[in-house]
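What follows is subunit A paired twice: with subunit B in the first complex and subunit C in the second.
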Partner chain A sequence: MTASVDAGRHRAGPAFLTSPGMRLVGKRLLLAVPIVLGVSILTFWVLNLIPGSAAQQLLGPEATPAQVRALELELGLDRPAVLRYLDWLGGAVTGDLGQSLVSRQPVTDLLGERLAVSGELVVLAFVISLGLAVPTALLAAHRPNRLFDRISMVVSITGLSVANYVLALLLVLVFAVQMAVLPAIGFVPLSQGLGENLRSMALPAAAIAFPLYCFYTRFLRGDLVDQLQGEDYVTTARAKGIGPWQVLVRHAFRNSAFGLITVVGLNLGSLIGGTVIVEQIFALPGIGQLMLQAINTRDFVVVQACVVVFAVVAVLANLLADLLYAVLDPRIRYGSR
Partner chain B sequence: MRPNAQRLSLLLAALLVLAACGGGGGTAGGTAQPAGPPQRGGELTVLESSSFAGGWPSGLDPATNTTGGANISQMSAIYGGLFLLTANDDGSDPRVVPNQAEGYELLDGGRTVKITLRDGIRFSDGTPFDAQAVVFNLQRALASPCSCKPTWPLADGGITAQDARTVVLTFTRPYAAVINSFPVANTNWIASPTALQKMGEEQFRINPVGAGPFTVVSNQLSSLLVLQRNPTYFKPDRPYLDKLTFQSIGGDQPAYQALLAGQAQAYEGLSTTPLLEQAQSSGRLTVTVQPPTSPYVIQLNTKTAPFDDKRAREAIYRATDFDSISKGLFRGLYPVSQSFTGPGGLFHEQAVPGYPTYDPEQAKQLVSRLGGLTVELGTLNGYVAQQVMTALQTQWQAAGITVTTKNYELSTLVQQFNSGQWQSMLQTAGAWDPASGVGVGFRFGSTSPFSGVADPQLDQLLDGAAATVDPAGRQQLYNEAGKYISDNAYAPFGLAFAAANIATPGVYGPGLTTKIPPIVVNAGVIWDEVWRVQQQ
Partner chain C sequence: MAVVDAGPALVEPATAPARSRGWVGSLAVAVPAGAVALIALACFVGPLVLPVPPPIGGSVLESYLPAFSPGHLLGTDPNGNDILARILYGGRSSLIVAVTVNLIGLLVGGTLGALSGFAGGVVDTVIMRVLDVLIAFPSLVLTLAVAQSLGPSQTNTILALAFFSIPAFARISRAATLRLRELPFMAAAGLCGTPGWRILLRHVAPNIAPQLITFGMLGMGIVIVIEGALSFLGLGIPPPAPSWGNMIAQGQQSISATPMLVVWPSAVLFVTVLAFNLLGESLRARWSGR
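So, the complex of A and B:
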């Protein structure tokens, strides 16, 4: 008995590791390495192409050429770009992203305290946008071209036409200035209470979430209507006497979810772009704000780290999307062999 | 202001104007008049634009901070300052007064200055604020690469402590502007040498220790600086506030809305004209437009073509109509100057005799005589500068001048100046005292890399003015310098811009709700005097 249990345990380990799902994860993670590496090389190269001396920018206009030269030597900016990149890469693989050229603080410390803010903002924006888009799209697709569908279309088109920074300021005007129910700026960390934390994030998250909500709603609604009107499996389900809501939710939505997942994964890049501006407007100490400040001060080390973090997040989001495909469709899971 | 924020502000200014018009009452705009004496207690959150005063990326150590000119508010709140620039409430009679210094004496015809420190001041870490500490800080500050360090003509070993309360500065030539240069320079902020030694530079720049009205509670660089009242501050019953917070924000528009939402009580450096007008007319905020000190100047590079020819320079003078720009773009908010200080600055001269004024016909004739004129005009990115540059391009083209424009970031601007391969630059000139800070010598001195002029006669006039202790004598020399620049058509001067401070009702303080000429761009708010009406 003991022997068979042990044998089972012994088998469970390798079996888990060689499962189709794990293979898929492994394959995608391996693919992510050259992508992140490519992004880091490209970023480093572009940052080095920017005209003007970083040391001069750091020291200001009255710095003498000798002072500029001394700082370049101190920061290693006189060394060839390839060597500097390799140094950076060597540190990065061990978790050391270097030291800010401006503040001289470790970049990992700077990122650490800000990543949580941006992470929360992105997660909330996704939760709000998807949480609202799915039911709206289902309701709209249930009776296409009827009143609810038309209202949702008007709302979506409006939302897609308004830039998120415009929306951000409008939200502040309505909810902070006129109604005074939500704060206009600032961030309250979770340690000071969930309620206050969510209040401080409500408007920034809404500013990012609303355009996404509009996009997801239109996308999902369109796909659902296509499925309902043109697919044989829907006709079959209806012929079996399955009710319209069940056909919509259990059959059509399951298929449409593939497209939505793809779009959500691809959207992450623009979502991160949105956080840069929204964090500025709401004075949130996030990674977008840090990157913008670093760009302005030519703090290349911090910019490089921020871009790589964004790349890693985007790659992970797409990995997650791939895994969700596999969860939804076993053919993909087993096809990964 | 950063370009993104500029675009954002421009796009939304009209929207906000409409929307905010529906707002409630509040107190009337304009100069704040407190109903009673100052009150103790309370907190104040001050917003600072992330593109200028709201950026302190290198920390707040006076010797390692590279944006000191922008961070005067934070520095003053933490360190206080040896001297302060103050003025009457309406901005008249601006003067530098001793603060942590008790007094000073100019000796040897201005070649020596003896500064006496107040007795009994201590840093917030308990260590003495004495002459040794001041000497240590002055030496550190002068070794700094920050543009906020003063350009004193110091003799070798020219900074000494005579005794525990006396610091002596010795110059190679008379330097009358030395005391006026303190409030605009990093030498004004004295840090605790003991704390610096204990913490090391890396930590000190995050948690600096001074002898100012507030001490640091927390400091997230370029984001949030939280200060609390310094219980050992040398002035009895000061500061009034218990807590002072500086919050960085992404520009005028969000700052304005945050104030209306009651999330902050003050904003320094409002420059977006539609918002300024809205703030003035809404009656919901106190708006204080500071008396401008530094006019815009179109620097012409006289060392190279085409502006090595006086006729080309004259053509620019004659083609330029700053009055129209001031009225058309900025509703006449900013006065036009003909010399290197604005109306809020020392030795301001309203009209320079013989100044070549706007005359498009004469400009066209000059261009024709030159056989055409092609010019590249550059400026540093910024809302007002870009607006002015676009208007100048239009005016010059109307006079037959071919103009291309270029926006620079600071580093590329410096590179361009250093290369000498530039033709014209729209910059600001002068300072409150023309001989201190980014003063007239910075733009017109032969040895300055940021000057387009190399004229020993002008150098002599400017050096002579800086050395003259007698104010009437200095005025005379600066008037001569202004006329000399005009006669040689070295650089037309333009509107003198000064940002505004806005505050919510019930907030009062010198420089915040009263007028004090700007030190660099923003006025130097005297934070230990700022107070809020307390709720009963």
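So, the complex of A and C:
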């Protein structure tokens, strides 16, 4: 991506690539590199602090010191941490994240399937939460402080106070135990039919989506009301005789969308880590579950890879938000700001 | 009850428009503040003055007693321990962890952020870059790793969570300080030759305090939820010591037969977090004058 920005600059190619917006994105991307590096070093350091060798853990308590030593040599665990980190980094930039200490499978293979499950979960949660939050916020902001607005605000502050594991168990209790309409645990891959797959994803996705829905509704409603009350362009639009819904949707919402995009970008990053506990409750084979297992078995190579994936997703999500800004907001695109 | 009294007093530095809200505004602060005070009172003083059995060491013969059994208002868990007692003692550890983590975040993060925003330049860049790394770091991972390495305990939970409250507070403190720096009275203080540390202490600190305290209230809710999550995964407060998170985890194993084992601690967790969130929201509404 950096390459395309640079190329754009030198060739003076399509106007979009040389625009200040793209330059901003290029700059952000360069700034992201030290952040991802920092995260990987910090993880490596923290994992090295953990007492008890991975070899000992793998062989079990009955292993003789000689056996442990042999395995350590085999896995390269006897070498200094700095060298091991550099080795890992060298592999990582070429797309090789090493081998799992436990299953000896390449980490990239393990991550692939897991990421698909977590990715589906997160995408579903975002589609549900945003799909419901935008209409709710518009309806609420249409008549602030009226009944619908009040109810939606009560719902969202209540929803924001429910821990996702509590919500998950509540959903299990109602839909799996009492009504028995949805499975309590387990995952059905997409290859066995979309319907079954969605059924197995419904409760976990809802558990993640509901707090997000509450958050977005609150955020968007607040921003919309601010726009409607304080902004000159709203007064202008109203003076032109544009109807209240038009002003709300075509004028205020387009401006409020920016704030929403930032928040979604920030959420997306933290969310992929936040799926750990929901995946655990519903026994979904996602990346969060993989990481939890890896931490318990001291499979540091896998933990390291998971953390770096989380960090990269977080950084990319923020970057995507910046990019969307540039696409949506002409002021940024043309650099008049 | 002290918290309720502190409510209006804390609002003193508020700007004029907030006042017009009148009693509805005060009620919005007083009700959640009262709820928080009541919960704290119940957890810390309750077991001392009420006839509550000990939270651990129950007899298996008394396991799974239903609610309203003699001597056990909310019944007992699979180990025959009194559920009410476990909720009260569990609340103690939740509140201790949450208060400590937020105090550390407020003091350390608040100072770093104010310093960063006030000094600008290299200091700002260095502090914010380091904090950016911490923010990009998936918090649960480090917490899990720390818990795993040092062994689950209350102190380690506090340490791990403090790692993440510091950058959050620092960001807010820095943003508030930057806004403050533009104001004339800051320039006046500088022109009077007031040393930097004194400006920070006497002019910056009191002005950013409301925002930090407001965030601290929301932070209380967040930390209580995360601490519950850690204990739920078995990496926070280690059983048999009670915590809301490990009670919920224990209840999950028999959720279809005895759902109340999950419902009681969940309900208390929810009410506590809700009270802190409402308190944070109404304080913010007051202080921002909206």
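Note that the second predicted complex is superposed on the first by the 303 of 337 C-alpha atoms of A that agree within 3 Å, B and C clash if a C-alpha of one lies under 4 Å from a C-alpha of the other, contacts with A are read in each partner's own complex, and residues count from 1 in each chain.
Here is the rule we use: a contact is a pair of C-beta atoms (placed from the backbone, for glycine too) under 8 Å apart; a residue touches a chain by one contact, two chains touch by 3 or more.
Only a predicted model underlies this, so the values are computations on that prediction, with no experimental measurement involved.
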| item | value |
| --- | --- |
| Clash-or-fit label for the pair subunit B, subunit C on subunit A | clash |
| Touching partner for A:L268 - first (subunit B), second (subunit C), both, neither | neither |
| First (subunit B), second (subunit C), both or neither touched by A:V177 | both |
| Touching partner for A:Q280 - first (subunit B), second (subunit C), both, neither | both |
| Contacts of A:C214 with subunit B and subunit C, given as first, second, both or neither | neither |
| Partner chain(s) touched by A:G186 [first = subunit B, second = subunit C, both, neither] | first |
| First, second, both or neither for A:V102, with subunit B first and subunit C second | first |
| Partner chain in contact with A:L47 - subunit B first, subunit C second, else both or neither | second |
| First, second, both or neither for A:T297, with subunit B first and subunit C second | first |
| Which superposed partner A:L169 touches (first subunit B, second subunit C, both, neither) | both |
| Candidates 25-33, 97-105, 115-123 or 331-339 of subunit B: the single one with C-alpha clashes against subunit C | 331-339 |
| Overlap of subunit C and subunit B interfaces on subunit A (superposed complexes) | 51, 165-166, 169-170, 172-173, 177, 277, 280-281, 292, 296 |
| Interfacial residue positions of subunit A with respect to subunit C in the complex | 34-36, 38-39, 42-43, 46-47, 49-51, 157-158, 160-163, 165-166, 169-170, 172-173, 177, 269-270, 272-274, 276-277, 280-281, 291-292, 295-296, 303, 306-307, 310-311, 314-315 |
| Subunit A-touching residues of subunit C, taken from the complex the two chains share | 129-130, 132-134, 136-142, 144-146, 148-149, 221, 225, 228-229, 232-233, 245, 248, 252, 255-256, 259, 262-263, 266, 269-270, 273-274, 277-278, 281 |
| Of all residues in subunit A, those that touch subunit B in their complex | 51-54, 56-65, 67-68, 71, 100, 102-105, 113, 165-166, 169-170, 172-173, 176-178, 180, 183-186, 277, 280-283, 285, 289, 292-294, 296-299 |
| Contacting residues of subunit B [partner subunit A, same complex] | 2, 4-5, 8, 11-12, 15-16, 19-20, 22-23, 47, 50-51, 55, 57-59, 66-67, 145-149, 202, 205-206, 220-224, 247-251, 253-254, 257-258, 260-264, 409-415, 417-418, 450 |
